[in-house]
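Below, subunit A partners subunit B and then partners subunit C, in two separate complexes.
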Partner chain A sequence: MAERQAAQVPSNIVRRSFAIATWLGWKIESNWTDPFLFAVYSVIKPLAGAAIIVVMYSVVASGNFDTPYFAFLYFGNAFYQYVSSVITGVSWSIVDDREHYRTLKYLYVAPIRFQYYLLGRGVARILAGTFAVIITIAGGVLFLHVPLNFAQVDWLLFSVSFVLGIVVLIYMGLVLAGVTLMLAHHSDVVGDAVASAMFLFSGAIFPLSYLPAFIRPIGYALPVTYWLELLRRSIIGSSVESFSSFGSLTNLELLSILLGFTLLFGLFSNAIFRACERRAKEKGLIDQITNY
Partner chain B sequence: MSAENSVLVEDLSRIYKIRGAKKHETRELTALSHVDLSVQRGELFGLLGPNGAGKTTLIKILTTLLSPTSGKARVAGFDVVTQAEQIRSRINMVSGGETSGYGLLTVRENLWMFAQFYGISTRLANERIQRLLEIVEMTDRANTKSADLSTGLRQKMNIVRGFLTDPEILFLDEPTLGLDVGASRDVRHFIRRWVDEDPTRTILLTTHYMVEADELCNRVAIINKGKVLACDSPANLKRDLRRESIFNIQVEAPDGYVFSKLNDLAGVVRVDVTPEDGYTQLDLMMQEESVLSSVIAEFNAHGLHLRSLEKREPTLEDVFVALVGARMEEVEHAEPAES
Partner chain C sequence: MLNLPKVEKRSTGFALFLRTIIGRAYPRVIGQQRERSWIIFDVFFPMVAVIGYVYIYKAIGAPSDYVGFVVLGGAMTSFWMNILWGMSSQLYWEKETGNLSLYIASPAPMMGVLLGMAVGGLVATLIRAVGVILLGSLLFHVTYSIMNFPTLVLIFMLSMVALYGLGMMTSSIFLLLSREAWHLANLAQEPIFLVSGFYFPLKFMPFWVSALASLIPLTLGLDSMRQLIFASGPTLGFLSVNIEAWILAALAVVFIVAAKLLLDYMERLAIREGRITENRR
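What follows is the complex of A and B.
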């Protein structure tokens, strides 16, 4: 009996939800194939993604890689990989646990904080995403003369923007997790669909000014747009400004906007997730298995 | 609310909305209808009912996975809708007949992980895992990846997961579904022993096996089409049938004799007919023993030859028949009820 009581210290709930989920996520991500294939895949996949962009660019620019626009595009594409790895990292395990392992209901019955469980499950993917970004940038610097001078990087701006961006992506992932929970069908493609959709509107590979005017507001409404801009500015500084989506805004202004988004998403994402959870319980979707 | 009530359900209903074939068409399906139920602390309580009776729906509501449409339900004194968190740290749940778990983790890792989610120390978890695996005879599989287990063993692992956290109230949804005879028996013994070991432990299990409810449970609620039809100890439920008489009869009948005619005799509750080689087996339930004479008279009038006649004790199956008017298998094979 004493043991039973000791099992219920609520202050530990957040920590253990996150820590154990991180352990599980790591086991899952690293276990799907043998380590050698895993390593190869982790290198090949981001480089292949970058290669597509590079080939497309070289057709248009007749092989001239030594331009500010190429740097703009290359860094944008490299960091954009975080968008899908964080968003799907945080939301994916809903599908995985519900459909594949069939444990979602048991996790829901357990005394855990589900939001932290989800975040923990995403850690391995976020780390894999980090690795992909590093590989992509290294490949670009080594083979394509993408400009990267560590001495010129504005590290303070980079760190602050980077962290804010990751945080806001985690919140977006939580919203997506809620949506996923409510969808009985096709919930496995939601994360990738959202990430792909935002690719074009967030200035990842071309400035917003290249988009038709009526579409641009979508880009301005996405925190990712400001994040990518800040990262590029912090790494390659003035040389990207000619392609900037926000020529008139200072770094500090951009940073404030990103911070605003982060707070906004921080305030609402949890509420949205809880509302979705409630809806899923009403509709009986927590253990709904579609088997398609 | 009394602290002795582990589960208290009042006027609970659950309606599922089902999207029809056409776009705006939605049908409503009443899975639970005005259910009242209470389970005392220390009880092993059974919900007995055919497929689609609403057993799983009730378990899901009590384990906070599904919201009720109306009515109230409290578990360990807490409201399932507004106090789900307090409930979760005190319960656990196992659904039989399904294989869940992380295939890439070993049996021990799967179990350890769930123990961690309940805040149980690794030392205590390992002790319990060891003991429980011994009971289900799976010690030699502790380090096997659960993906490499047979379905039956994966189910056993899932059952162990339920007991591992030593919950105040354990919900078991058809725990022996799909297990072979020996494994089912072991699991039943273990369930009984676990409740008997500690008077503060409570189990609510669902089953559609009569014998399981009869042998295992302190009290049984018989549920059909979302309604609780009776709730009492198996002995009391059967005692209520004592006015009725049940006979096993073997007869040789001339070709073309229609046994369903027996149903028309006054006082006959129901007849189950099983043709055997050279004779027919009848399971006859009557309102009272005296009805037997009119049955015998009917046999004589139509040239049926009596081979044997034996009175038998009522079972929960008979209780179900008396309440519903059909055997459980027949209800299961009928079309699902809708409202």
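What follows is the complex of A and C.
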């Protein structure tokens, strides 16, 4: 009976954990400088990243941006910014709170629900990621003739795929947070390493068919690959087909696969996080400061 | 009471300066090799970008030399990352972890500490950069046609001296920063990769952007190395190799002198304002 009562966390604790962590995360991310500089900082980095690809393309294609591949490349790169924002957004606070602020042990004795605290801490980066994606796409549409016709966008497909993708990324971030809890070394680069690896295998900037055949299955096993494909299909429609990694699959089939991934990660991510957390407690890693 | 061994050999002057350089370079050269997992990460991250960008070039049917441009640029990113995180931010980290006050309280000259950081960082990063070049060349069958090897070595050395001089200079500036240091270093990645032409010939950037970016020694160093290594390099150079070599030599002198002056100034300022041990998390 007592165990059941303990397992039922009051919703106000969930709400409070999430809200306070969101506020805290935003302050940490943004109050190191004034709002104007923070806005500039948030814009320059993603725009420069996109501009590298644009210049590379332009050098070879002699400035001809009106091709299906450029649209494929541009949207893939723009939306991929969400992957690292969401994944590292959720998992980074473990490193930040344990090594930098040294408050992780206090969080564990505080009346909060830790998973929701992690999610809240990640919101600031997710918001910054959203800002970066919007700016990148707006820059492409305004200056590079990236095709974006609002009337032709399949908004239903876009919305459903987008939400499913963000949810599955949050679950992946939770798994990474668990893994980060158990690591003493390299915990600060785990999120970036995973996001970088997925950048290659998910066909974000080139079709999967360019990868060697034995590596392609890694891409097919990643939800991000399906997510990016669905987002591209919903925005640029049939022109993506010549570069599609899933030419034979319909939108509904792709959506079903993404939904399957979301459910799978939803089922297991919390359990994996719990298992990692238990192990970290057993090994005394919760308040471990390595200065690594 | 601690029973510490008696100091038998006291160094002063140049001998102390030299021992400081060796002492500070030691953990970077020897210590880092003991933690071999870092090599994986230091090679892995540049390689991810290299592979991604190579496939973009392949997808748009770029000439084969462009693949080599990306591999070389990717290897050079290791040096830039080392400058940002291992030089510029280093004194800031030392302040955060409490080592900086020990450095200053010790008889070791701070310029020697900075030089040691630079020498150690350069050697350790060179291993990683060679790893990226070897791996990239093997994966993508890059063909090199080295026209003048001595000049290539000279350009590389000039670039590195100027680059690490820049790192020594900026580490003094970062000393006075707090959380901004992390964000500034983070910001100086993609924008620098863009304006310095890490993944494409610099010639394709607007002239004044390239001219301004030339203040970062890797910009001209990379441009010269491409001209000397690849068959199509000379046709895609920003300036001639000779001019770029002279500019790099001038930058090296300016940055190292500026590093010394700035270090002295910042040290005085930081001590006067009591910010040497300040730790604003």
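Quick notes on this structure:
The definition used in the following text is that the second predicted complex is superposed on the first by the 279 of 292 C-alpha atoms of A that agree within 3 Å, B and C clash if a C-alpha of one lies under 4 Å from a C-alpha of the other, contacts with A are read in each partner's own complex, and residues count from 1 in each chain.
The rule is short, and it goes like this: a residue touches a chain if its C-beta (ideal position, glycine included) is under 8 Å from a C-beta of that chain, and two chains touch if they have at least 3 such contacts.
Please read all numbers here as calculations on a predicted model, not as lab measurements.
Judged by the touch definition given at the top, the superposed model places A:69 against subunit C, while subunit B stays out of reach. Looking at the shared chain after the overlay, A:27 reaches subunit B, while subunit C stays out of its contact range.
Using the contact criterion defined above for the overlaid structures, shared-chain residue A:105 touches subunit B, although it does not reach subunit C.
When the two complexes are overlaid on their common chain A, residue A:182 makes contact with neither subunit B nor subunit C. Once the two complexes are laid over each other on the shared chain, residue contacts for A:56 go to subunit C alone; subunit B is not touched. Look at A:282: by the touch rule set out above, it reaches subunit B but stays clear of subunit C.
Looking at the shared chain after the overlay, A:44 reaches subunit C, while subunit B stays out of its contact range.
In the superposed model, A:263 lies in contact with neither subunit B nor subunit C.
After overlaying the two complexes on the shared chain, residue contacts for A:127 are found with neither subunit B nor subunit C.
Once the two complexes are overlaid on chain A, the subunit A residues touched by subunit B in the first and by subunit C in the second are 32, 101.
Of all residues in subunit C, those touching subunit A in their complex are 35, 37, 41, 44-45, 48-49, 51-53, 55-63, 66, 97, 178-180, 183, 186-187, 189-191, 193-194, 198-201, 204-205, 281. On the side of subunit A, the complex with subunit C involves touching residues 32-33, 41, 44-46, 48-49, 51-53, 55-61, 69, 73, 100-101, 185-186, 189, 192-193, 196-197, 199-200, 204-207, 210-211, 291. Of all residues in subunit B, those touching subunit A in their complex are 16-17, 60, 63-67, 85, 88-93, 95, 98-105, 109, 113-114, 116-120, 124, 161, 165-166, 168, 198, 200. Residues 1, 3-4, 6-9, 12-13, 16-17, 20, 23-24, 27-28, 31-32, 101-103, 105-112, 278, 281-284, 286-287 of subunit A touch subunit B in their complex.
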